[in-house]
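Look at the two complexes coming up: subunit A is in both, with subunit B in one and subunit C in the other.
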Partner chain A sequence: MNNRKIILTGLIPALLLVLVFTYYPFLRGIIMAFQEYKLFNLSHVHFIGIDNFKNAFQDPKFIMALQNSAYWVFCSLILQFLFGLTLALMLKKKFRGRGIYQGLVFYSWALSGFLIGMIWKWMFNSQIGVINDLLLRFGFIQERIGFLSEQKWAMMSVIIANVWYGVAFFAIMLLAALQSVPSELYEAAEMDGAGGVRRLWNITLPYIKPTIISTLMLRAIWIFNDPSLIYGLTNGGPAGSTHILSSLMLEHIIYGGDYGAASAIGIIMIVILLLYTIFFLSVTKAEKAGEF
Partner chain B sequence: MKKNIFRSGKIIYLALYLLIMIFPLYWILITSLKPQKEIFSFPLKYWPEHMTLDNYIHIFKISKFHIYIGNSLLVSIVSALIVLVIATLSAYVMARFTFRGHKQIMMAFIATQMLPGFVALAPLYLMMSSMNLINNRMSLILMYTVTLIPFTTIMLRGFFQRIPASLEEAAMIDGCSRWSALLRIIIPVMLPGIASSFIFAFVQNWNELFLAVMFIDNDSLKTLPVAMNSFILKFDVDWGAMSAGAVLSIIPTVLIFAFAQKFMQKG
Partner chain C sequence: MRLKKMKAITLLLSAVLTVGLIAGCGGKQESDKVTIRMIESLTSPKRTELIQAMLDKFQEDNPKIKVELISPPFDQADNKIRTMLGSKEEIDILEVRDLNVAEFVNNGYIEPLNAYTDKWSDFATVSAVSKSVGTVGGKLYFLPNGLYQRQMFYRADWFKELGLNPPTTWEELYETAKKLTDPSKNRFGFSFRGGAGSNGTTDSMILAYNGDKVNLEDSMFTKDGATIYSTPEAKAAMELYLKLYKDASPPDSINWGFQEQVQAFTSGVTGILLQDPDVIQSLQEKMEEGTWATAPLQTGPTGKALFAAGGAGWGMSSKSKHKEEAWKLIEYLSSPEVNTKFSKDYGLIPLHTTATEDEYFKTGPYKTLIDMSDKPDTFVNYKPAFEYPGNGQWGQVAMETGQALLLNKATLDETLKKWDSYWTEQKASLKQ
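Up next is the complex of A and B:
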């Protein structure tokens, strides 16, 4: 069999499936953004230009979700990264029980955001939630806090749950990268008398920079795109104060059946992602970071 | 002295982190083992006074929980296996050959990881319904497979690239065809990579909620996440039942994850 045939047989199933069931529906979804397309009124599907976009920008819920998205991605990402890096640095050296320890602290990564949302919803409960109970017991607060029902607390609570969820990802990826740093580099630095902080700053971080860049970039996109945690925790409430763009989009689909409005938000998200990627890659000058 | 302070600081940090990571799991387990009365009693009980399996019995009684578990297992495993076959082929081709459009195809795979998936949700629903696959587990198997192909291809391609091409060339000189060289020589070498891809695919499928909510309406075809989702809607969150369901749906992922860790540390 010649190479041409092998290439075709190997690629056609994968390519065909992805084109038909990812790219085609995706393009059709983009067209929907310019249509009035409501599930409960399919006989009235027609083009309406950019009305869906106009409506979006006039919707206070959308504006709030736009701001929330920025806040949500930024806080979650920075905290997940910092905790993940600290943890990875501490786990770098082998110690007895490290394997078991990793197993116990990294499992969260394999759970679904929706489920984690449900679990934290139960713990954050204002009446019988364990977090309120603990805070009261230790005297940190005098009366129960409505973590998910009061607007001033809700966003912070959702972010805490998300940080809990995402630290493991960074720890796993950064730990793998740390373990690939050649030990000769440290030995040389030690002979030069470089202290711990200087070694971290001058050797470790530069060496794992490619991993840092690609994990930060991918993770930001993932946090931005995935509404499952918010769906499980608050479903965007109270009063839309925890909606991010993706969860608002989901709401338009599930509760409103309004695919036009949802797709318009989707397009806005794509534009934001494109700008973000271009910005991120030019700041970090790492065109290859996408090769993950 | 300085070293000792550093060391105890590290131990405290690691212990605290362990506590924070384990606690939610502990709490959901404890809740699932409490009788209804204790779940809502003050002060909160950090250890159940009367441990019971009532919540577990309850969810099997009020819903078809065993059927949901079966559906989830079926859909997750079948799709993960199909993904492996298709993605191994495409990853192999992408790793070993360069050809016109190679770079573009790679980009097309990478780009799928960035698209906000819900844009495609409505058109997918229409496609599935025109193929009569709504309320059919085939639609989930198909979509889970498609969703995972790009990532698995990228991942497996990395594994292929780490295996020297001379390995299969030697086998081909000895008279193997390319396919049998791939099957008999290369695949066994990269078994760790294939196993971790399978685990990743399984976990993703096991957790998927939104496609399943869209495509499956029929109660006896629901997967676990969909069933949990309708738990909430139907019963205004019965926390005892919820936590029992959560524990049951976590078990396979935690087991397979523990297994994967062991495996990957070896590999």
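Up next is the complex of A and C:
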């Protein structure tokens, strides 16, 4: 009879949820980016045009965080992907205790970023950390390294922790894709005399290409947006050298109570992500994924 | 027919879901009892347990009042409190901190307590420092549940080994720390803190060096109205600070916060730690008795040490519908008996002056703090700049610019200039 009405009524709870918890905060964020909105003085909220954006681009910390973000996303993503793919290829073959082994390898993905930050902070500690201790014992170094206190090491150290965190994600996703590759293809290729590398290049990779593309895109967005690891590890230090955009945004909220400045950074981040997504999709769309 | 039924069920379900989602998170109300909602800020499992025990006792004595305690994780607590106050959620009692009391007052979130304390007999013994911590613009907004005050902890065994005495001035502290330092043994004199909270060291050195010049009521400024960072004394203090880091502290400590600073001391890497009494318990747990001891804060060249007692305490929401009951609970928690027990159990300086007569505070690590308060000419109490909007961010600004200075990315003059202009701007924005 009136199917449309039923469907619409059924959709209301879901629509409400999305509106209230996704789009309302988003709109509010856009508005706040153009306001002076400070927790200390909520009775004095008013529009100030594009001042928040101007201030952001004039702040050397913001420029540094922008550069760091690029470096952070690129290095973390590539290394996570390469290690994740290697791990997935290694776990593809069946062997005794594979399930348990997979669980052990993948568990890092289940930890919170903040917790991982705390763990790595202690491991990187130069006086009482395990990494320095091991390096000293095995004679690789003579003097302790301040991984988180020297600017030349800090960003690299944070990226190492992030790679450790994210490898499991790629391994899980790619392994699932690998297991869907029909084994007849490999048999046929073997009969035609294709070697291991050839099979990887001509069968495996093209077949799992859709998964590779979507995981790379998603993961890049997550890495870009997630401040928890940096917040737990260095809190942006030393001297702001490990801030990325999202951790800088967090700092404006937690220490400054300045929601206007934070929202402006948030908007800039959304624009960057939009551009990235458009670019990424148009580049990868050239060849239709999955066909060979 | 079937379709109609289905339609009815769908409608019913979606209605239930929608209403449930919107209203489901609200609490239930019992008719004969008054429910007081209370939220704490400086949460830790042990502390929550102690507070809950006090509340249980209170509810036993007052069967008509039910107390609901909310304990968010420490890192999110203050934001949670802000959000709840901002969205006008029902909260009766909240833990207000020295660093956010001005913000809450400014936004009209909390109620002055003077009308209540006027009728409270035990108010007479509340210490002057406690009152000053909870006061904004002449009105009392919260009663501290205990005070934090910095003192020195040192490795008594290392000092004995080298025949050293606990330093009494910052200059001596540097000399002593330098003697204790031996990087080849991974041993350093000073538990430096260059990360979050680094301004605890820089500001107290600069204040001690400025000494009598400081306006105690407006402590980021001198009596002449200039910032404390603009004086030659500030430069002398910071020169010593740089030497303290370079000659007597672990290089890694440039990024250390509270945990690393304390951990380095308890694990035998550093010999001198400046901290609040809440670390006493963990020192007692992790270190052998006799290996550590306490001493008063260091003075500057003028023979004065400026200190600020910090604290958090119970305040009342201005939107509370049960103010009488809320006050009853605050009064109970702040009574000499209950508060002194809490201070002992958690390691704080009690709210009432009468508590210091307790044997417990006359011996052991707390003794130093009491000794300090007996010499008000040497150890001068000042009021931190909590009424400035930028005070919350100051820690972060001082940390980042301070780290740049330690990394030789900025000169001392440039750094002090930045600090000076930060506070000059703060002053200007306050006057508007």
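Please note the rule applied: the second predicted complex is superposed on the first by the 278 of 292 C-alpha atoms of A that agree within 3 Å, B and C clash if a C-alpha of one lies under 4 Å from a C-alpha of the other, contacts with A are read in each partner's own complex, and residues count from 1 in each chain.
By our rule, a residue touches a chain if its C-beta (ideal position, glycine included) is under 8 Å from a C-beta of that chain, and two chains touch if they have at least 3 such contacts.
Small disclaimer: the values here were computed from a predicted structure and weren't measured.
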| item | value |
| --- | --- |
| Clash-or-fit label for the pair subunit B, subunit C on subunit A | clash |
| Subunit B versus subunit C as contact partner of A:I254, first or second or both or neither | both |
| Partner chain in contact with A:A239 - subunit B first, subunit C second, else both or neither | second |
| Partner chain(s) touched by A:T9 [first = subunit B, second = subunit C, both, neither] | both |
| Touching partner for A:L17 - first (subunit B), second (subunit C), both, neither | both |
| Of subunit C and subunit B, partner touching more subunit A residues | B |
| Subunit B versus subunit C as contact partner of A:R144, first or second or both or neither | second |
| Partner chain(s) touched by A:F26 [first = subunit B, second = subunit C, both, neither] | first |
| Which of subunit B and subunit C A:F40 touches, first, second, both or neither | second |
| Which superposed partner A:S126 touches (first subunit B, second subunit C, both, neither) | second |
| Which of subunit B and subunit C A:T284 touches, first, second, both or neither | neither |
| When the two complexes are fitted on chain A, the stretch of subunit C hitting subunit B, from 1-9, 55-63 or 73-81 | 73-81 |
| Shared subunit A contacts, counted only where both subunit B and subunit C touch the same residue | 1, 6, 9-10, 13, 17, 39, 128, 254 |
| Residues on subunit A engaged by subunit C in the complex (per definition of touch) | 1-2, 5-6, 9-10, 12-13, 16-17, 38-43, 61, 121, 125-128, 144, 146, 148-149, 151, 154, 234-240, 251, 254-257 |
| In the complex with subunit A, residue positions of subunit B that touch it | 10, 13-14, 17-18, 20-22, 24-25, 27-28, 31, 39-40, 42-44, 86-87, 89-90, 92-94, 97, 99, 105, 108-110, 112-124, 127, 142-143, 145-147, 149-150, 153-154, 177-179, 203, 206-210, 213, 225, 228-229, 232, 239, 242-243, 246, 249-250, 253-254, 256-258, 261-262, 265 |
| List of subunit A residues in touch with subunit B within their complex | 1, 3, 6-7, 9-11, 13-15, 17-18, 21-26, 28-30, 32, 37, 39, 83, 86-87, 90-91, 99, 101-116, 118-120, 122-123, 128, 130, 133, 164, 168, 218, 221, 225, 228, 231, 246, 249-250, 253-254, 259, 262-263, 266-267, 269-270, 273, 277, 290-292 |
| Contacting residues of subunit C [partner subunit A, same complex] | 3-4, 6-7, 10-11, 13-14, 17-18, 21, 79, 82, 86, 102-103, 106-108, 186, 188, 194-196, 250-255, 257, 260, 263-264, 267, 269, 389, 392-393, 395-396, 399-401, 403-404, 406-407, 409 |
